[in-house]
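There are two complexes below, and they share chain A, which is joined by chain B in the first and by chain C in the second.
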Partner chain A sequence: MFTRVVFAEAVKSLKVYFFSTRTLFWALALPLGNGLYLYFLYLPFATKSVDLQFGATTYTIDLVGFTIIGQLLYSFFTMMLLAGASFDAERWQGTLEVLLLSPASRVAILLGGALANAVNYVWMLVALVLSWVAFIHVGIFVTDPLALCGSLLLSYSAMMALGMCLETVDVYSRRGSIFTAWLQEPVMFLSGQIFPLQSLPVFLLPLSYLLPLTFGLMAVRLTLLGGASIYDVRMPLATLASMTLIFFILASLLVNYAERRAKTKATLTQF
Partner chain B sequence: MASHSIRVIASTAKVNLIMTWRFFSWTGFALRFFTPLMTLGAAWILYNVVYARQTLPPGFGAVIGSSGYLSFITVGNAFYVFVFAAAFVVGRVMFWERATGTIEATFMTPMSRLAYMSGIMLAAATNSLIDFAAVFILGLAFGFQIALLNAPLFLSSLLLTAFGLFGIGLITNAITLTFRDRTTTANSLMILFMVFCGLVCPVELMPPWAQLISKALPLTYGVRLMRASLLGIVTVDPMHDIAALLVLDAIYVVIGAITLAQIEKNLRKKALFSIF
Partner chain C sequence: MFGRKSTTVIRALDQVDFEIQDGELFGLLGPNGAGKTTTVKILCTLLEPTSGHAFVKGYDVIKDGGHVRKIVNMVAGGERMLYYRLTGRENLKYFADLYDVPKKEVTTRVNNLLELMGLSDRADDEVEKYSKGMRQRLQVCRGLINDPEVLFLDEPTLGLDVNIAKDLRNFIREKVVREQGKTVLLTTHYMYEAEEMCDRVGFLSKGKLVAVGKPEELKRELPSGFSIELLVTRATEETIGSLRQLEPVKKVIETDYEGEAEGEKIDRLIVNVDSDKAVPQVLSHMANKHCRVVSFNLRGPTLEDLFMFYTGEK
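Our next item is the complex of A and B:
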């Protein structure tokens, strides 16, 4: 039953959003635009590389690669935020109450939406990476493909689990979309997407460590652009695996709480 | 006719100002500062921490003026609030009219559509001036300094840019009405302006293809004039930029007015005003 709901929800979301203007914007125009914006931010500094400190080692990473990888993972994060907007869309359409009247597992609904958004994004991501490697000649340096695959998979799973938690906000509040919009710039700033994390003021670091994007960026940049091995990135990978588990459990608790509260207060569809 | 249009402008602006301030949203207000704040913070970290003020190329000073890199970034980001107003306030008027069920009534009135949109732009620009000043105040914390104030140039850059953005707002409305879009058009416009108008980097340093795109955007000239008026940049030719801005303003407003009129005609014919 759980798998069928996940599948049905994923298929429904894919049918609605696959190659829609919304997906094209969030998965193609936004990463390209933001990537260029951040690249232009670096242009006045007449530099072609960024020093990324990790433990006792300093990796010198190609600037274009640094910006692009940051943007690609960040865009996946925003796609996960968008998964929450599907509840908002159900509310606009007047179908949220019907959806929540069904006996389907809420976690399965959340997972289905998040998976559909992930699929919507991944094929564009692959195309983008290939085109950048071919045309912009991003300096890729991979020594351990397993470490790279692990970094990508765990980054995506942790962000997907966090996305499921954030989806519940849209059930809980009519201001869910505002809340997710609020998250975008602070996450960009705190995750080390724009500049290396070692440059962030120390008092902000605890906030950075709450974000799976921070560890995802560390692991993917180091394994894709810095030639790090799985042993080098074991700490971010272990953190991402733990975050996946914690956020998944949290999402299942939160969605039940949000639904119960919304039903008690009769605020599911009220605007 | 002219007096009627002026009354429409005044009453629309009044209604919109009342709506904004009576139902003031702190979350919406704060959200408008997130991008400028993030950019200012990131520029500050890049300049002071990552590159420790050492790697700015020679000749960069002439392009950014005597007040320095962070003042240059602050002015660019202050302009961002006008883009926000044009894309999200003026650009989404028809979306909200449709969402609240008033679009048919609005289009039944005999008022000039341009006067109506001008009233909305007037209210949005008035509200944006507050945001604009707030970004400068925020910029002070990041090292913003005024080198030399050229008041006439400052005011001309503000007015002319607002006029160009109004034209772009009209076009956005036409697209929103046609494609029943919520935020994608407005967001795409924001990205276009942020990237290509030289908000974070002098246009002269961008690749040639990006410079070509920037030449078609009014904000590029507006930001450059504003910077020249505040930061004492001597490499800018104000007359050239004012002329370019005037031409672009005229083009965008004419295109915007024509497309809006055409789309209205089409929607009336097909009875698609309030159908989602």
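Our next item is the complex of A and C:
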């Protein structure tokens, strides 16, 4: 039953929330615009590459690739943060109660919604990469395709699990999506999306290491642009795998807690 | 300015205690804010009571909430509860998946429900293109998708056309209750609806259950077996007060009435009397007080009388 609900929820979410011209346009236009903005921000400094320090090794990677990956993964992360908006949407369109009236696993519903976000992201990713590669030279340097696939997959899963955690807030409160929106700017700043992590003040690094995006950016940039092997990126990959597990368990606990609390405080019908 | 808001605690339900038999159509009646929807939501696990227990088919709605959700469903009038961007058929299939309806049965069940509610020809249209009546009928299909043992209907005919509402009432009574043997809890503030449909009724007033029973039994408990429905003009407070003092009069209830006679506003009075012989005395009293009786009607008590008697509502 679990997989059946996940699939049903994912299909429904795609049909109801994503398959509209406006949504698709903005899903593509926003990261494309932001990516271009970052690229032209670096241009005046006549820089073609960026030094990424990882452990004792310094990787010199292509600047365009650095900005593209930063923007793509950040967009995905934002999408997963805003996955909370799907429960928020259920709330304002008056379907949250009927969803929770069913005996379906709440975790399956969460996962289905998050997967719909992820699926929606895939086409955006493909479109963006193709357009950037076609128009601007990107210095791709891959030596271990398995490491690259693992990095992408674990980055997505960890961010998706965190998104599921945050989504549980919307089950309890109509203010959930505002809460997730608050996280966007700090995440952009702390994750190393727009500048290498070594530029960040040391005292802020512990906060960076709480974010799956930080490790996702590390792993994907190094494996896609720096030629790193799976051994080289074992630390970020292991961290991403652990985060996936922890956030998933946390989401499972939180969604039930949020539902109980909403039913006690009668907040399911607050719009 | 930024301090914590003080909160007022409202007791939505207070010591409510009732049972519904299997296969029974039970009506929960009461004015707005009486606690009808709260009761329904507790029973279908959408709200948790702060104290007390509620059971559905012997299962505790808190401890066995998961099981209760499998055997119940709810239809609420005037609420959305459907995905407007999906078609009618897609909606039902989605909910069939949520309720784990056996895959082999989904198509047949969905088609049967759409057929029963007269929606087959529009099944593949998006719900946003449906009329209000069609959406409500689709809601009923959704409410039956898991073949629930207990169905909660919260004001199911709210805002529907007379004919559609009547068809829906017939369907619920004849198909859902009589034919399929399901237990139904109906909340409504349309008294004729409850009178037409319910085996037993309960009256909620300000969160308290003030009476439960078969309508006929409850009617016998009224202080009088007869009511005179008077439409009058020029009825002052003094006239009504003195009417209450008459020997055969047990109770006088003023109710809202929209209408005029010869430019004067008509008031509607329900006068409970202990005998049909009281009619001449009441009429002559009104005439002596210079009221004009537009019409009068002597009848046995109705659910509306019971409603007003138990809830004190006009």
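Convention: the second predicted complex is superposed on the first by the 262 of 271 C-alpha atoms of A that agree within 3 Å, B and C clash if a C-alpha of one lies under 4 Å from a C-alpha of the other, contacts with A are read in each partner's own complex, and residues count from 1 in each chain.
We adopt the following convention: a contact is a pair of C-beta atoms (placed from the backbone, for glycine too) under 8 Å apart; a residue touches a chain by one contact, two chains touch by 3 or more.
All values derive from a computational prediction rather than experimental measurement.
Overlay on chain A: chain B and chain C fit together in the combined arrangement. By the touch criterion defined above, A:K15 lies against chain C but remains apart from chain B after alignment on the C-alpha atoms of chain A. With both structures placed on the common chain, the touch criterion links A:G55 to neither chain B nor chain C. Put simply, more of the residues of chain A are touched by B, taking chain B and chain C as the two choices. Within the superposed three-chain model, A:P206 lies out of touch with both chain B and chain C [touch as defined at top]. By the document's definition of touching, of the two partners only chain B reaches A:A181; chain C does not.
Of the two partner chains, chain C is the only one that A:L268 touches; chain B does not reach it.
Once chain A of one complex is fitted onto chain A of the other, the partner contacts of A:M1 are limited to chain C, with no touch recorded for chain B. Minimum C-alpha separation, chain B to chain C, in the superposed model: 9 Å.
Chain A contributes residues 21-22, 25, 29-30, 33-34, 36-37, 40-47, 50, 175, 178, 181-182, 184-186, 188-189, 194-196, 199-200 to its touches with chain B in the complex. On the chain C side of its complex with chain A, the touching residues are 44-48, 50, 66-67, 69-70, 73-74, 79-86, 90, 93-95, 97-100, 142. Put simply, chain B touches chain A in their complex at residues 27-28, 30-31, 34-35, 37-39, 41-43, 45-46, 49-51, 55-57, 60, 64, 69, 179, 181, 184, 187-188, 191-192, 194-195, 200-202, 205-206, 210. The part of chain A that touches chain C in the complex is made up of residues 1, 4-5, 7-8, 11-12, 15-16, 93-95, 97-104, 260, 263-264, 266, 268.
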